[in-house]
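Below, subunit A partners subunit B and then partners subunit C, in two separate complexes.
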Partner chain A sequence: MDTNVPVIGIQNLTRRYGRHDAVDGLSLTVRRGKCYGFFGRNGAGKTTTIKCLLNLLRPNSGTVRVFGLDPQKHETTVKARLTYVPDQVAFYPWMTVGETLEYLASFRAHWNRDTEADLLRRFQLDPSKKTQGLSKGQRTQLALIGAICPGPELLVLDEPTSGLDPIVRREFIETVIGAYQSGDPEQRTVFVSTHLISEFEGLIDEFTIIDQGRELLTMESDAARNRFKKIRARFSQETKLGLNGALRVKQGGRELEVLADGNSDKLLSEIKAHQPEELKVEALSLEEIFVVSDVLKKSNA
Partner chain B sequence: MNLLLKKEVRLLLPSAATVLVLAIVTPWLGRSPYSLFAIITAVLFFGLLLMATSSFGREISAGTFSSMLAQPVERRRIWRVKIGLLALAAALIFAVCFASCFLRIHDYWADVPGNTGALYLKNNFAKAAGTGALFALMALSGGLWTTLLLRHAIASFWVAFMVPAGVIVLELLVDAQLVSVLSAIVGESSNMPGQDPARTVIYCGMIALGVAYGIAGIVFSWRLFLRAEDAARFGDLFSLSRERVSDDAAPAKKSSRGVRAWKPVRALLKKEFQLHTVSFLFVGAFLILHVLAILLRSDETLLNGFPVLQSLVQFFWVFWLIVPLIIGCMVVAEERKFGVLENQFCLPVTRFGQFILKVLPTLAFGIIVGSVLPLALEIAASSIGASSSGFSNIKNELTSWHFIEFFIKYVGAAAGLALVGIWGSTLAKNFLQATSIAIAGAGACVVIGTLITGKYMFRLFGLGLPILAVIVAAVVFPWLAWRNYKFFAESERVWRRNVLTFAGALLFMFAGSTAFYHRAWEVFLRAEPAHGAAKLSLENPPKLRGNIGSVLQIVLPDGRVWADTFEEKYRHNPRVRGFDALWQNPFGSLPVSQGPQIFPADSDLAASFTKKTEDITLDWIREKNLERFAPASFAGSIYNIQWQGYIGNDGSLWIGNRFDLLKTDSAEAKYLQVGTETDWLGVVTLLQQMIALKADGSLWQWNFSYKDETLEKKARVTPARLGIHNDWVGVTGVQFRAVALAADGSLWMWPQSYDHGPLMKKPRKQPKRLGNIFDAAR
Partner chain C sequence: MTEDNSMLLQIDFKSGSPVYLQLVDQIRYAAASGGLRAGEPLPSIRALAEELRVNRNTIARAYEELERQGITESIPGKGCFLNESQSPYTKTARQKILIKKIDEAVVTAHHLQAGREEFLSLAGDRLNFFERKLKGKDNPKN
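This part shows the complex of A and B:
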């Protein structure tokens, strides 16, 4: 196994539905052992990209490689090394929870029974219950168990926490994903597409934000936190500041909030020149970066 | 248009359009409409059942049922719109269907008003329409209540079929007992209802039962809909394979970490088995119904006067062909409906492997249940004396080629329907959609099959077209099913591929068989080779005589005679062989010598041939009072017993029926001139051809079709040039083939109209060179 080969490599991926470009020239690289966030608004092209990775859709142009292999040509080899949890989870309605896991295990060379039992207990899922009687959240839990028990090299998650209650969501993210990755941190990779970015804040190593099928921003999380800063200042009286280069400036009365894109030191010195009563600088969360990406897009345009 | 109504129209349109087309087309399929009423009743029943199931079933499958109920619209109004539209569509289809039947019956027997078959159908038309209406009501009612109760398309379809069929069969069986009891009370009488009071009462009871079922079903559906909740009663839970997971067997305690559980084939096969569980259950019920139908058959008089029921019971085995179609329709569409197809494709098993593990069990199940099982039942029925009229001697014919051929066709039909179902399933998002697509596909195949085996098409394309069509269908449907399955997410491409492939397949079938039948490759073959230097001429032509047997004789201008024989076994590759006939009697066979020979003009044999033949011919002409025609005309006359061509003494060409052996002596001889030219020198009459030699040395051919049955029509046919040369000096026929002699002494033979093996190809256009008559002199 060549550990230098990216787990996922996408180059200029384009996928059209009729005349609409769902994904338009997207490129990204996911390195082994990372938890990679894939963010974007509804209809940005996240699910389409994931389906191209899994050969559920064929790209119109560009190349897609998973473990360095073309998923169209080496479909089974690729899929033997990854698991996928879709945004719409479904199971055969006549099967029970236990039968479903047995069914999924039938296709895997390795299946961790201990993990299965542990997760069934944590999620309080009854193995004898028919899948048709499960709630949306319970179906997602079952899908997650089915995805983690084989111990895949790559775990592809498409909106995995939608439908989960806050307790299970935290349990899932901290325990399940964390435990999965920590089982073999050098080898196990997570590729997660989600809206609930704040929930994954501590796990994401690197991320890409896409919009209308195009890459908007790709960064390592730490680098992003260093680059994007939020400066809050309070003045003794209403002060008008002409802050050039700020990503966004919000001023109301004596309060000032400035978002800085890599130029926080410069902006900070300008603000300090006006002698604020209180000054606070903090890194943006990934969710906040996602929100301001809209501003980035406008400024890029 | 009201939006609610518009939505309902859109919902019902695919199935209604499919059923409407079937209702119009079905009466016109098949050679004769004797079983028309039974077939049309079955089509109406299943078609309307599909429509009734679609009305609510498509809402349930698409997951819009709950949102429909959540709208601020009164449920009664929704019901009125749905049912009103359904009833309207059903009434339209019913009316169109029986109008089509009426036209078909009228068309088929337009020329034979006294035909008993026509009278039978005409007399029973009203009764058949009544029975059809009853079945339509039961189908609509059954489709509605089962869908709303079970919320499971396939189960609804089966239950809606089984319940009324079971009620009718059981009711008839009870009738059989009651009739005997009541007849004993009211006295001996006829078997015909209407004449026998006991039977009339019972049959009226049966109709009342059907009507009551229909009305009760609609009322029940109405109540179910008004009280409908967003919870399935049975949902998709139709599965036999249920593993009890006890504490001991719980996955947690089952094994240790890292167990190898690799058994994908078993898991996939088991899943397929579970998918078809609902069909297994209903196949069992179907089996019981078939047995009851066989019991009904044992009393031949029970169904007298009820043509539709009689035919349905007689041909109950045909209904088994529905099973392969239904299981085929389930196979992919149901997985798409469940939303599990994407997950399946993310498993580390090749898509082709998954596809094969779907198709093979489905095909096997379809063939066994759709054809082998019903045939086994019919064989058993035959042994207890309750044979279907379609299998009257099945017990004795088990090893006959006739039965084997039927068995192959029946198994082929079951396999074909399963494949069409699978194909429809790969295009659809649920079972109902798949059924509509598959029925449309199967219907299109039947229509195309009927058209291409029809006499008109057959003459254009030959037997190659139906054979090619079967091969193309056997390749195209599985191939498309596989491609649709593989790229199921790309619906636009999938539909485009299907449309283009079918268009391409049709084009290939027609173009391929046309090219083959009409020997397109002959365009690239060299034209007729050039003839050698002329040794004979039309100024002093030789006389040719062939006969219906195998003798060809030529009297050369200098009095020599050339003779040879063509044996039947050289039909497709005739060659000069033995000399076994002499020309003293054109109808007889004569002594043999080896190979073609030329006899010297002064030899006794040659003189005898010539003199005797000419004498016989002239005597015969005088006897038949045909002096206006040249003796040379009669060379080819013997090849057709109904009509012949003649050359007039003025060089005109005639066609006549003087030799028509099928006519009585009183039949008047008729002769018609063909064209106005007067430069004809010789003519030969074959089975469906006439070939004549012109004074300019060219040959002309008249090809007659089955439509040119009268002399008048034959005389109007336009001739075509035969061959490319202008140096022909004589023409005759041997063994129904035209043989012409060129000026260089070469003999050429054109094949006859059916010289093309199993009707795969037309006869070759180019003549075959048989040899040169002067070569025999060496």
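This part shows the complex of A and C:
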């Protein structure tokens, strides 16, 4: 297995619905062993992109590669090596939890029975219960067990935790970290689309923010938190500052809030020159970076 | 997933410092301040990753860095243990702890409008006070 081939490679992907460009020239690369976040508002093109990875949709133009393979030509090979948890999971209602897992396992070359038993216990899912009686949270848990037990090289999650209660969400993420990443983490790649970013913050190595089908920002998480800073200051009297190059400035009376994009040192020295009473600098979390990314769009334009 | 020797590690995404380095610093701090003793194991990568909800690669990277710095030693199949030997980093780590405390005092002094002379003189007084106290008790403890 060639470890240099990216697990996901997307080049200039475009996919239209009628005249509407759902995805418009998107490129991104997911390296082996990474957890990659795919952030965007509803309708930004996240699910369309994921469906192109799984050959559920065909691109209008551009190339999509999964494990270096074209999912249109090598659909079974690609699908044998990945699993997918969609935002809406559905099972055959007449099957029990145990039968559903049995059914899913029948399509797979490998199925980890110990993990299955562990997770059923952890989620307190009764194998003899019919799937039609499951809550939304339990359905997602069942889908997650089904996605983890084959031990896939790639786990694709599309808005996996939206609509779930906080405890189920937390357990979901702990399970991805614990059960999925166990064994050889180098062989475990995660691609997760979400707008509940703060919960996944510690998990995400690298991310792309997508907006109206286009890439807005791609960065490693640590580098992003180092680049975007929020500076808050209070002065003893009303003070007007130039603050050229700030991403955004909010000023009200003696209070000042500045967003810095890689230039916090320069902005800080300008603020310090006016001797603030109080000065605080903090990194933006990934969620805050996502929220301010529309400012970025304007400054790029 | 509870570990006996939970070191109360915490990640602060707002610090802007890489997550693995935050862990390295906190474990070095725990080692230097006695929160973690020689021969004691670090939590397993999986347990710590789940607890902090942080990628396992990040924990693994922090543990590799600690080993590279000579703070810990990994024993295959058993886990990571704090080294017996005094590493050359311990002094730096100790100074870092001390600097943090001194900084707090300096900030307090500034707020209370105590000048440099007054601060240094008070610090000298306190050092003398504790030295006298130790001598008085004839306590050979270092």
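Please note the rule applied: the second predicted complex is superposed on the first by the 296 of 301 C-alpha atoms of A that agree within 3 Å, B and C clash if a C-alpha of one lies under 4 Å from a C-alpha of the other, contacts with A are read in each partner's own complex, and residues count from 1 in each chain.
Here is the rule we go by: a residue touches a chain if its C-beta (ideal position, glycine included) is under 8 Å from a C-beta of that chain, and two chains touch if they have at least 3 such contacts.
Computed from a prediction, not measured in an experiment: that's the story for all the values here.
Shared-chain residue A:E171: touches no atom of subunit B or subunit C. Contacts of A:N226 after superposition: subunit C is touched, whereas subunit B is not reached.
In the superposition on chain A, A:A109 makes contact with subunit B only, while subunit C stays out of contact range.
Judged by the touch definition given at the top, the superposed model places A:K51 against subunit B, while subunit C stays out of reach. Looking at the shared chain after the overlay, A:Y92 reaches subunit B, while subunit C stays out of its contact range.
When the two complexes are overlaid, the chain among subunit B and subunit C that reaches more residues of subunit A is B. Taken together, the two structures place no residue of subunit A in contact with subunit B in one case and with subunit C in the other. Of all residues in subunit A, only 17-18, 51, 54-58, 75-77, 79-80, 83-84, 86, 88, 90-96, 98-99, 101-118, 120-121, 127-128, 130, 132 touch subunit B in the complex they form. Listing the residues of subunit B that touch subunit A in their complex gives 232, 235-239, 241-245, 250-264, 266-267, 270-271, 274-275, 277, 338-340, 342-343, 345-351, 487, 489-490, 492. The touching residues of subunit C, when paired with subunit A in their complex, are 1, 11, 13-19, 46, 49-50, 52-58, 60.
Against subunit C, in their complex, subunit A makes its touches with residues 33-35, 170, 173-174, 177-178, 181-182, 185, 199, 201-205, 221-222, 225-226, 229, 282-286.
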